[in-house]
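Chains: A, B, C, D and E, in written order; residue numbering restarts at 1 for each.
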Amino acid sequence: MQKIGVFVCHCGTNIAATVDVKKVVELVRYEPGVVFADDYMYMCSEAGQEKIIEAIKEYGLTGLVICSCSPRMHEKTFRACAEKAGLNPYMVEVANIREQCSWIHKDKEEATKKAVILARAAIAKVNLNTPLQEGESPVTKRALVIGGGIAGIQTALDIADAGYEVDIVEKEPSIGGRMSQFDKTFPTLDCASCILTPKMVEVNQHPNITLYTYSEVEKVSGYVGNFDVDIRKKARSVDFGKCTGCGECQTKGPLGKIGNIPSEFDRGLKNRPAIYMPFAQAVPAVPVIDRENCTYFKTGKCGVCAKICPSKAVDYEQQDEIVTVKYGAIVVATGFDIINLDKYGEYAYNECPDVITSIELERLMNAAGPTGGHLERMSDHKAPKEIVFIQCVGSRCDDDKGKPYCSKVCCMYTAKHAMLIKDHWPDTNITVFYIDVRTPGKNFDEFYRRAVEQYHVNYIKGQVGKVKPQPDGSIIVQAADLLDGKQINKKCDMVVLAAAIEPNPGVRKIATMLTASIDNNNFLTEAHAKLRPVESPTAGIFLSGMAQGPKDIPETVSQAGAAAVKVVGLLAKDKLKTNPCTAQCDTLLCNGCSTCANVCPYGAITYEDVQVNDHGLRETRRVAQVNVALCQGCGACTSACPSGAMDLQGFSNRQITTEVDAICR
Amino acid sequence: MSMNEEKKEFRPLIVAFCCNWCSYAGADLAGSSRLSYPADVKIIRVPCSGRVNPMFILRAFERGADGVIICGCHPGDCHYSTGNYYARRRMALLFSMLEYMGIENGRTRVEWCSAAEGAKFSKTMNEFCEKVKSLGENVRLGDLRCKN
Amino acid sequence: MCDCDNNKNQDILVPHVGIITDITQETPDVKTFRVNAPGGGKLFEHMPGQCAMVCVPGVGEGMFSITSSPTNKEYMEFSIKRCGLLTEYLHGLSVGDEITVRGPYGNNFPVDTELKGKNLLFIAGGIGLAPLRSVINYCIDNRKDYGQIDILYGSRSADDLVKLKEIKEKWMNTEGVNVYLTIDREQEGWDGHVGFVPAYLKEIDFSTDKIGLICGPPIMIKFVLQGMKELGFTDDQVYTTLELRMKCGVGKCGRCNIGSKYVCKDGPVFRFDQIEEMPDEY
Amino acid sequence: MYSISKDNLNALYSAIAGSYDLFMPIKAAGQTNYGFWSEGAEGDIDTLKTIKSGKDAFFPQVEQLYTVNREIVPADVAAGPEAEKAADTPVRTKLKVNPVKLVDNDFVIFGMRACDVRAIEVMDNVFLTDPVDNYYKSRREHGIVVALACHEPEESCFCTIFDIDPADPSKAKADVATWVIDGKLYWKPITEKGEALTAKISSVFEDDADADSKIDGEKAYIEGIAKQLPNAELSLEGWGADKTDEKFKSEVWEKVYKGCLGCGTCTFVCPTCQCYDIKDYTTKDGIQRYRCWDSCMYSDFTLMAGGQNRQTQLQRFRQRFMHKLVYYPTNNDGMFMCVGCGRCVEKCPQSLNIVKVIKAFADNK
Amino acid sequence: MQELINRLKELIADGTVVRAIGWKKGDMPYNPEPAYFEKPEDFDDFVYDGFCGANLSKMMIEASKLEGKTAVCLKPCDTYSFNQLIREHRVVRENAYIIGVACRGKLDIEKARKEGIKGIKSVTGIDIEGDGEVVFDTIYGEKKMAYSDLMLDRCHVCKGKDHVIFDEVIGESKDTDDADRFEEVRKIEKMTPEERFAFFKSELSKCIRCNACRNVCPACSCRKCVFDGTKFDSQQKANVDSFEEKMFHIIRAFHVAGRCTDCGECSRVCPEGIPLHLFNRKFIKDIDDFYGEFQAGKDPEAQSPLTDFTFDDLEPKDAVGRGE
């Protein structure tokens, strides 16, 4: 029989306000196995832990039950505390009487009753706990960053600078991501490429960084410290070793420099040839052939680029290549895109070329963009005189069409756009229809106020009902002024939509491969929203940039650095402690039927013929064996096993059964 | 039992098995967001919805639970890749069998609930409690020895 | 007084509540538990060799021989080896914990009849000393009723010898009692005899003017018996005590029979000539 | 001699149930088993063999023995705060054993066949010998057995080889003997208990002057059939007390046990099998200790942590039949622990049974 | 039958097999027992007739541990069980010589008893080759029944007369199915919950926990059943409360779900006549409905539905309330 100590935490008033802590102590004192019970203001505090340690020593406790916040919060703390007092850390159970009790119930009597039941379940479980020993597994000292935008670049550079090898996998032909498409950045109006390009070059030249551009992650197996990743290097059709990046191939193809394929980089505002580099500063400066649109691949005829390439680098025979690399940690930095506006017919985006998105505006204002930096209407190439910006297109929506969240960066970039336009073309009139203007951040509100006060941008709190392109080429924006309730019909010649941001659509597939969890909006979930914001709940997977949630560049860069530090912290270890809560097979009960192996996601179960002594009966039997290094403790095998031979340490059949009993008592 | 207590409204006993990675975290989020649900719900933490052996569910009913709900990660989001897929099949078959035997089918439920869905967790629990409450005490699956 | 006495008239299957008042770790896997009635004193009287059902409610119940002597008027003792679910649990108990005990069950060594006035040779292996200890202490406490007492006790290692303190302090210091200890393998710090019990038995070359009482693992019993026969002992000169799965303790549940004999009721003490007549199923 | 029309049996049941608990064959879900009769239940005395025998009446498949509670004792009452400090683990809860109340009301077992009545004698030898089992004893003292003659014995019956008379239950140790003849139930009290029962319910009966001759006719009819039964001449030679050595070592066991599944069907339908297990069931109101039937055919019957003495199904199979045909007779003046009811003959999933065992040994000679 | 006996003797004589598993004449005309045959004279008692209903595939678990090959007589439906046992590594294919024996439906003596037939002395018309009526000679006179009226329920919904695994087939089987396999299940599904509960309660309260259904079941091949083990604190031996029977039968059916070949042995052996196959068949029907048709034991390579999944499987909430 265990000697169990029960400690009930007040958590200030977080628990104590709704749970009668003293009463809980009184009622659990007589549970089987309990030899000591006490309460304290903050169990997790130094003093609280000291109390636990003292009690372990004084009463010779063999098990602990802490009634406090969620075990996801402090289980580790209390386990470490037990270990300090010489008690096996796995003899600790936490009864969650805060998140799952005091915070959600109002009636004190009811909450107290429930807290007692939760404590009883934990006590019943501890009675069956056995000391568990952590195993060890080695760490591969190499990291993978998925996504080569500013988030991935910064993470990779920080990891590489710390002395670890890191690979970047980018599905586009060049790294750079969204930021490379931008013109200027807020709130200081630096030129985006001026600050990004040096970083791209640094990545390319860094001895610790390997770039896999035009590549995708195909398969991930393994676990923290020991991931095996298959990377598909899509056939570029251009030999990396031979290409000098001269660009001849792109200028002298069938259609010369212009091409007939909408440029992804320029958001379709410009065309590109089938062999192309997305943009001039692309890293690596090696073009790719877009096989879907290439005449040679479509018809077997052409081959012009191969002929004109001075270094004979074009190779139509190139095949996709799959490389398998071992990593210790993986960072997801897959970035974002803006939502598809097909559902938003009222904004006439698909109807009128002069209704554009903000990111298209970025390209239109960029000196390297389709118009060479001249702001003009795509319909008639005239300079717009009257521009309307519409905010929250698809953001903060409560219907299914859009996103429920705030895209966070739109208010700032719209102010930026307005000011830049006013700077260059002061006679342009700018109206912004907004729901709210949100500018928290250092120097952000000042930035916005400059737009209003200094540049006289016309901000109207208004809900846009319809954008109506007129036969004369002008556009009428119908809106309701939310402040005076008046109907507005604003005539203009260009409309810019601040379309909502969403995670890169490819992230779902990647998250599934990584077994990283994802929220309803496809943003990756953090291990803890506040305390572990750059880690995924899946060990060894880290989050960087927009993949985790909307954020601006400074935030992205700081998160990238944070993720890098977490990765470095992991890679710096030679060995990782492995979870001792693994499956175990009772060879005397095992039938060798292979059912468990069929459901094991990690291939951790194998079968062996072993000699058994079943209560005096000796025979050779085919029985399951669990490789504890591979087992992650999911317990799928335990529910598949009919005889109960498979059991999960730490969550054993008897432990769960006894919890059920305790709750139903 | 005093006369007073007898008159009290029926409060169901509900056992919720929550996977550690999504639903338990979702329950925590419901807690930290103060999204209340009845105290009748008692959560048991399991590593994965695939860990929930049908034995546990029947055991809960045997010992007097009025409803049992299993919460796991959304299909495709299982921390262990596939656990919830197996759970989904197991529970579909088990629940169908219980229904076949004449057990009210509102007493069992599976809900996929992510770590970010505190609101959904709370809503689900409120709904489920209401449902079980409307069904009344579980007399068909309980063991007489566990009754008072 | 204690209300558990109310149980007495109900049925032999209804147990008494006992309190563990002392626990001694004898060897790495054997503990001796001292049990008293809640109000003090013994739960019931017994004779040497008899058993009792020790139960942890909700965990299990098992038959254990009462290792203390009836001459001990204060408490009962059980020496229990950890080997299964129940014993595992018992080993986790602390002083002050409660268990239930029912008994006494079975027959006893014939201390007041056949053994009286005789020279006695006790041969035990490992935990097999537990049932014999009750007899040994009974005979020592009634020293004048018995002749010469030889005790041959062996175990795997020195650490596995149970009740070593009592052996050294009491038995070895009693007039007319010879104790021979042996362990299976050489061990640092052990200057006594090394070797298996049956071999040592022949080495000592006991004379046959005594009655043998054996208890230990089946394989030891087999070879000891063989050895004793070589020394000239006959089957009707040797007693042993058997252990089988028992549930009721009263010869009704049907488990512990060997042929028509029930170990819990007709045994556990048998003379070897009786065992010879039983079918080979133990 | 009393009689009652078969059509009027419900009145008889009602009358008995008015003063006693009535335990009798009741048909439910297509099968007939003993159960407590209540208004509306379908009493069935036409089915010759209930699936389980009537032994539940005295030795129910499950019965609670006692409950163990853990009572909370305030620490200061138990030992005082000083003692609490001193002891390693202060006793703050106290175990309490609460035996269940023994049966103390009279009940009637109606419709038992002669073989099953004999089976009660067989069980008496186990439960009423020292040390007496009080749970059984209290039921025995309060049970009134009404036996019923077997109108048409079946091919699986072989009670006659144990000197049981299916025609005349008054020879069995019953309190009342009854016959069903031509749509009438004839009722003949035998013991004092039987007389007392009869007196209480006599108003439902009518008198039948021809009773004795009718009963004699019925007896002759049944005896005639019993002689024709295929196993009527089964010989028990070589079985009985003190045959342990010879039978135990026989090679025949090896041949006959092979098909045995190790299930408990034969044991549970058998009227004489009395092996039991004692188990715990934990509830919120304490641990209930109950005893339930067990089967020596089960692979875990003798299992304990260290091993077991009957490892193989052969040993377990042998044990069951040796017990019935040798060990029990050895301990009980030659009385066999089989009454020839034939239930195992009908119900064994693999068609193994005691008759086959007896025949296999006979053939082996 | 003689052909079968001759062939078995031959196989033993030429050393192909060491022993055979078949049926031995019973002490009654209707109760042959599964048995081992080794010597030529053992075959004097060999019988194969309409009452040889036992599924011998499970006996191969023990037999395949023995030295040398064992010839085993399997009816068409038994071969499914054998395949399933191969899949679960419980029998060794190489140690078995499978003789597919012919079947024209197996008989159920309870059917005769229900008709009031008793005091049986002999039975004719049950030979494997014959057809026509079954004639009972009883103490109480001669009684007749049509062969198909005497058949086990399971034979009316036979899976087919083809053996799915065999070394050789002796004799010609007949189609016996004349009913819909899921009809009974559908009938229950159509009842109200109260009726369904009442039905199962009355059936299950007859259960005496003799474990015959479990021990005979070829899918219940666990060395130690979870209800005999201590892993779940679920050791049960008796029907203290009808819940235990529910739990036992639900879990038993669940553990064999996707593995049960619907051989019907559980219902055949139940001494209380509980239609246990109704549990298994419910699972089979649900599996067919939810995940596509699946016949356990048909293909030893096929993945069992419960160790498999697709991304868009039916949600549990949609698995219930379908009848409403």
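FYI, contacts are C-beta pairs under 8 Å (C-beta built on N, C-alpha and C of every residue); 3 or more make two chains touch, one makes a residue touch a chain.
On a predicted model such as this, the values are computed, not experimentally measured, just so you know.
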### Query
Counting one step per pair of touching chains, how few steps separate subunit C from subunit E?
2
### Task
Show which chains lie in contact with subunit C and also with subunit D.
A
### Task
Could you compare the number of C-beta pairs in contact for A-C with that for B-E and name the larger?
B-E
### Chain closest to the assembly centre - both centres taken as Cα means
B
### Query
Could you state the distance in Å from the CA-based centre of subunit B to that of subunit C?
52
### Summary
Expressed in whole Å, how far the mean CA point of subunit D lies from that of subunit E is 30
### Task
Compute the distance, rounded to whole Å, between the mean C-alpha positions of subunit B and subunit D.
44
### Task
Could you please state the distance in Å, as a whole number, between where the Cα atoms of subunit A are centred and where those of subunit D are centred?
70
## Note on the structure
Where subunit E touches two or more other chains at once, the residues are 224, 226, 230, 232, 234, 240, 306-308
### Message
Give the residues of subunit A touching no fewer than two other chains, as numbers and ranges.
### Response
3, 599, 640, 653, 657, 661, 665
## Note on the structure
The positions of subunit D in contact with two or more other chains are 88-89, 277, 281-282, 284, 294, 303-304, 306, 308
### Query
Can you name every chain pair that touches?
A-B, A-C, A-D, A-E, B-D, B-E, C-D, D-E
### Summary
Listed in rising order, the residues of subunit B that touch subunit A in the complex are 13, 15, 20-22, 24-25, 27-28, 30-32, 34-37, 39, 42-48, 50-56, 59-60, 63-65, 73, 76-83, 86-87, 90, 114-117, 122, 146
### Query
Which residues of subunit D touch subunit A in the complex?
70, 72, 88-89, 92-93, 282, 284, 303-304, 306-308, 311
### Message
Under the definition above, what is the set of subunit D residues touching subunit E in their complex?
### Response
28-31, 33, 48, 51-52, 61-62, 152-156, 225, 228-231, 258-259, 261-265, 267-269, 277, 279, 281, 290, 292-295, 298-300, 345, 347-353, 355-356, 359
### Query
Which bits of subunit A are touching subunit C when the two form their complex?
1-3
### Residue numbers on subunit C that touch subunit A, as the complex places them
89, 92-94, 97
